[in-house]
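Each of the two complexes below includes chain A, the first together with chain B, the second together with chain C.
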Partner chain A sequence: MRKYLVRRVLQAVPILLGITLISFFIIHLAPGDPLAMDIEGTKISPEAIQIRREQMNLDKPIPVQYWIWIKGLLRGDFGWSFQDGRPIVEHLKERIPITLLIMGIPMFIAVLVSIPLGIVSATRQYSLADQCATVFAFLGISIPNFWFGIVLMMIFSLWLGWLPATGLKTIGAPFSIADRAKYLVMPTIVLATGQMASLVRYVRSSMLEVIRQDYVRTARAKGVSERLVIYKHALKNAMIPVVTILALMMPGLLGGALMTENVFALPGMGRWTVRAVFYRDYPAVMASLTVSSVMIVAFNLIADILYGFLDPRIKYD
Partner chain B sequence: MISRKWLLPVVLMVTLAMLLSACGQKPATPPAPEKPADVAEEKKPSGIVRVGSIGDAQNLIPILVTDSASQDIVYWLFSYLLRTDSRTLEPTPEIAEKWDISSDNLVYTFYLNKNAKWSDGKPITAKDVAFTIEAVCHPESPSDWFSDFSRIKGARAFKDGKADKIEGIKIIDDHTIEITLEEVYAPFILSMAFAPMPAHVYEGASIKDLKTHPQNSKPTVTSGPFVLEEWARDQYIMVKANPNFWGEGPGLERIIYRIIPDQTAEVIELRTGGLDLIPTAVKIEEVPELQKSPLLEVVTNKRLVYDYIGFNMKKEGPLKDKRVRQALTMVFDPTPLVRDVLKGYGVVVNGPLPPLSWAFDPDLKRLQGTVEEAKALLAQAGYPNGFKMTLYTNEGNEVRENAGLLFKEAVAKLGVEVEFQPMEWGAFLQVLMAPEPTYDAMVLGVGTGVDPDLEYSWHSKSAGNRYGYSNPEVDALIEEGLRVTDLAKRKEIYQKAQRILVDDAPFIFLYVREALHAKNKNFQGFDPHPSTPMYRVDRWYRVD
Partner chain C sequence: MERQKSASTNVGYEQTVEIESFLKIVLRRFKKNRLAMLGAFVVVFLYLVAVFAPFIATHDPNATNTIMRLKPPSRDNYFGTDRLGRDIFSRVVYGSRISLSVGLVAVGIAVTIGTLIGSVSGYYGGTVDNVLMRFTDIMMSIPTLFLVITIVAMFGGNIWYTMLAIGLTGWTGVARLVRGSFLSLKEQEFAEACRAIGASDFRIMFRHLLPNAMAPIIVAATLGVASAILTETSLSYLGLGVQPPTPTWGNILREGYQYIKYAWWYGTFPGVAIFITMMAFNMLGDGLRDALDPRLKE
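Entry: the complex of A and B
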């Protein structure tokens, strides 16, 4: 196991390097010039533009720019944002905790609700509960987040006046969990609904497949109670594809959710990343991509390890 | 059946919402302020106003500001040497209580108000004014404002590193500063409408690294009616009344700038009391609904920016020919844009100056003609059967997109085939700013400033003349207009230039959009200036 871990972590290094290299070149291939954003509408002279270009290293060939960037990264320096000149690390420090909060709670709720709901759906196939769960899942998948967000806002903020429409906290008020909760209700509903919807479907179909297996029939035949059959024999096996889906969802913890962040004015990573792309803020875009790639690689590894626990037939050596 | 299908999700949502919202629903109330000791009892600032913005500020050092959000906050935090009046657009005193201009129009002497002080209690002096100009003109300055001061004697030499000070700046005493120009420059007084920086705070600081200076993200020494209290990036900027404010007021205890990127959510916030003002960018389709509310009102004001279709005259081809441009202009009428798209919240412009400008010529007519006349012009230019051209604009501006479509339709009558494409902003800027542009035309906007000076956009040697317009007669008029200080004479010069520009048809001049603000009726004293809604925030107050 330890050997396997070491090998996987070592493998991750070239993978991550490759990702950053390819993304770096692709970003620079996109039309647009970060400097143009900066100087549009100002009466700046061509000489001053040239000086600015040199300060941003934009005058150098792209491979050289990549080399400068990767050298900085190895020292833990993501560079500075072209938009406001602050170090990217400072931006990340502001954004990551907030993103974890606004993404983590819905994900937690989604997992908590959708696994039991999926199991019920599968074991009582075509029952009323199953039908409801199916309708809910399809609604959850097909309703666009920004629209759902606005509808909730109209109901709970405009008509009922129960919840504040946007923001993260009452400005100027002392910190309290109740205050934070009030602001997080609607974004949480929006995000959790979407995630629950797909998870329920995965749990359901994976469970359906497992309960038709021979070993489940054997367990039933030898007189094990239905509850034990489902929760002891079937569930663990049914979890393997679910773990894969979860591992794919986890990087979103730091990736944020653009539409929801926009509607509810939450300062998460999604908005930050998209604005960085929009402004051709290369250092910010690269930082966001690097964080996401690390998350993806790490959670893939974690999923692989979990498979071993769920199914003893899977062994790593 | 339908109700049953909905049952589970609805019940789930409602329960969750109720559970969590039970925690409390009182409207936001920031903490009580500490009482400023030296403010007169009867005029204590009170009340909070929350202002919505789709974007966050970037820089709070005044000379680094290039975006409108940063500009908004700087107007709250800083006093200006002078300003222009929101109605007359005349320069009015602020930190400079008066100024003299020598008879040869070369020497400007500014007398600073002796009571003017920074928020740390130190006086605002001539040294601060000089420091700010030097910081802009410094060889390594990150400021984009050099062109404002380039006419000061010796500013160019200082910028190029050939002098260690600007020759034309002379500090007479703490409260008097004399500025000498290289040559007469009629609009110069407007260049002095800037916010001085506190020189004592920047002692020993590197001008090159101003962007990373702590004052840029947390200005502690400012001069305006409000001081910064808290800036939570991409969430809000909170300012509170400056207890050391040297002027009168402010009327409000706090202003909060809330960053809400979604415009629909912004309107919901306004209607629920989470915002008191949405400045400038209210959508036209929201106006009737907002006007129905007894608590809200929509305020509009005219502006100094207009939209146009600009022809690329740098590129070889039909549009280099004046007759072709005239023909295209003749057949295009922007009236439907103002009537149907802007719903009357705007006005057609016929020339390069908006109606608010004092040099505007109300008798100026746009080029008009029948389709036959236009066809004849095209035939004379050698394009009897028309030609193909590209037209771009930035994505997401509905009025500009409509202008492009309308243009395409209008010139089709002449056999001109337009490939019209709205583009993503970054990609658009790259096409627009290419040194050798390949597009044929752009739908875009331009600001003219308070002075009618046409140099930046129209002088053949100006960096801002991006479409390659060149007419020696206009160049001469522009240069003359900058040298003559007599207003009546200047007006005559600009009216002449406007007529030539209309006849040369480098642009199809379109419309000036009004700024549309929506606000709570309890918030009073709002007096938008044609170039900013954040005018005289010291006079803002609440009546509830």
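Entry: the complex of A and C
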């Protein structure tokens, strides 16, 4: 197990290196200049601009810039934000936990709800409950998350006045979970709906495949109760592909978090990234792409490890 | 007795009969699926709206009218008017052109790249496969929306860059699918027969193996249109992507968000349009998957 873990982590290194290479060259090969926005219409002397450019390392060839960036990264240094001059690491420390919270709660709720729902859907195929779940899944997959957020905001904040529309906490109020929860209800509903909708479909089809197999029939034949057959024998095996799907859903969930943060003005990674691309804040954009990719790679790794617990046929060595 | 007779009369036509009947089976299964048929009709309807937008729109989508600012839906303005007094219905109708064409072209790019990479990878195997699949792994690990907004923001927000950005980031799933199919297809007897008669690799790959790998590609492409449209509208919503005054569903929604307190209709209708479009493509793709699945019984 440990050997396997070490190998998997080592395998992730070239992938992460590739991610940074591709991101870096896309950003730096693009036409335009991060300084152009600052200088436009101002009377800054060309010498001052040249000095600034040297400070930002923009005067050096792109491979050299990449080398400088990578060396910094190995020391845990993402450079300084072009927008406010603060170290990127400080920005990340504030924003990553918020994004993880915005992604984590809906993910947890989605798993909790969609597994029983998917099981009911599969065991009573074509029943009313199954059809309702199917319709719900189609609606949930198709609803654009940012629009859903706006509609919720219109109903619950503007018309009913039950929930605050934007932000993460009441300004000036002391920290309390109730206060935070009020602000997180709508973003959570938005992201959980999409997650649940796709998960239900996968749980259902995975379950349908499993309950048709011989060992399930054997379990029934030897007189195991239906409950045990479904929840003990079938469910465990049906969960194996679902774990993979959860990992595959991560990029979509990150994108969903980005949109949701922008709709509800939540100070997470997504909102920060959008501002960074508008300002051509190269170090911030690089940091955002790297960190979000690391999240995905890490999640895939976790899924692979979970596999071992769920499926004894897989041996790590 | 009957059977034997019909079989003997069909000698020599067996090949064509088989192919036709498979398509017929697929079509029959598809027609039985009411959700899928509904999806297909809506998709056709949406493309008709996009093509005939000038005839359907009731107003010039860019004609401003300061007296008519932010008016609710009425008999003259079905979806109300926006902050400049423009007719939202006409803007939504014209906006369909952007989303629907970006969806189609982006998926075209993605499927072409994915099919090329997947088939070369699966057919040749070995080092080529290893290199291409590691590249695919890398592309799969960068969250699509983050990468797309970066590309579009850095290179510029017009319709071509939007299509390219979505297409260039969306091919990984297809590449894996095609690779998987090719791995098993190339071992089969008909592929061996092709090699035996001296067919070129190119011919074997694209003439013989690819048609057998088409079903999952078609499904992935249809569902891909839905996600490409979601990405395009997300970009427009964020103010990247196609820029105003050209109406897109995303940028109307963005403006609507700023007037959320005064005009509920502003953001609602373009959102409904996106919702219906995504729904239609998802139902169509799902129906195609069921219809094309050879494991499903009649």
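Rule of thumb we're sticking to: the second predicted complex is superposed on the first by the 308 of 317 C-alpha atoms of A that agree within 3 Å, B and C clash if a C-alpha of one lies under 4 Å from a C-alpha of the other, contacts with A are read in each partner's own complex, and residues count from 1 in each chain.
Basically, a contact is a pair of C-beta atoms (placed from the backbone, for glycine too) under 8 Å apart; a residue touches a chain by one contact, two chains touch by 3 or more.
Since the structure is predicted, the reported quantities are computational estimates derived from the model, not experimental observations.
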Contacts for A:L208 in the overlay, against chain B (first) and chain C (second): which applies, first, second, both or neither?
neither
Quick one: classify A:F146 as touching chain B (first), chain C (second), both or neither.
both
Name the contact category of A:L306: first (chain B only), second (chain C only), both, or neither.
neither
Does the superposition put A:I240 against chain B (first), chain C (second), both, or neither?
neither
Which touches a greater number of chain A residues, chain B or chain C?
B
Quick check on the superposed pair: does A:G18 touch chain B, chain C, both, or neither? Answer first, second, both or neither.
second
Going by the contact rule set out at the top, does A:I105 touch chain B (first), chain C (second), both, or neither?
neither
For A:A298, decide between first (touching chain B), second (touching chain C), both and neither.
neither
On the A-aligned overlay, A:V216 touches which partner chain: chain B = first, chain C = second, or both, or neither?
neither
According to the stated criteria, A:P31 is in contact with first (chain B), second (chain C), both, or neither; which is it?
both
Residue overlap on chain A between the chain B interface and the chain C interface 30-32, 139, 146, 150, 153-154, 158, 262-263, 278, 280
Taking the touch rule as given, give the residues of chain C at its contact with chain A in the complex, in rising order.
35, 134-135, 137-147, 149-151, 153-156, 226, 230-231, 233-234, 237-240, 253, 256-257, 260-261, 264, 267-268, 270-271, 274-275, 278-279, 282-283, 286
The chain B residues in contact with chain A across the complex are 4-9, 12-13, 16-17, 20-21, 23-25, 28-31, 58-59, 66, 140, 142, 144-148, 211-212, 216-217, 232-236, 238, 254, 256, 258-262, 264-265, 268-269, 271-272, 274, 424-427, 429-433, 447, 456, 463-464
In the complex, go through chain A and note every residue touching chain C.
14-16, 18-19, 22-23, 26-27, 30-32, 138-139, 141-144, 146-147, 150-151, 153-154, 158, 250-252, 254-255, 258-259, 262-263, 273-274, 277-278, 280, 285, 288-289, 292-293, 296-297, 300
Complex contacts: residues of chain A adjacent to chain B:
30-33, 36-46, 48, 51, 80, 83-86, 91, 94, 128, 131-133, 135-136, 139-140, 146, 149-150, 153-154, 156-158, 161-168, 170-174, 178-179, 181-182, 184-186, 188-189, 193, 262-265, 267, 271-272, 278-280
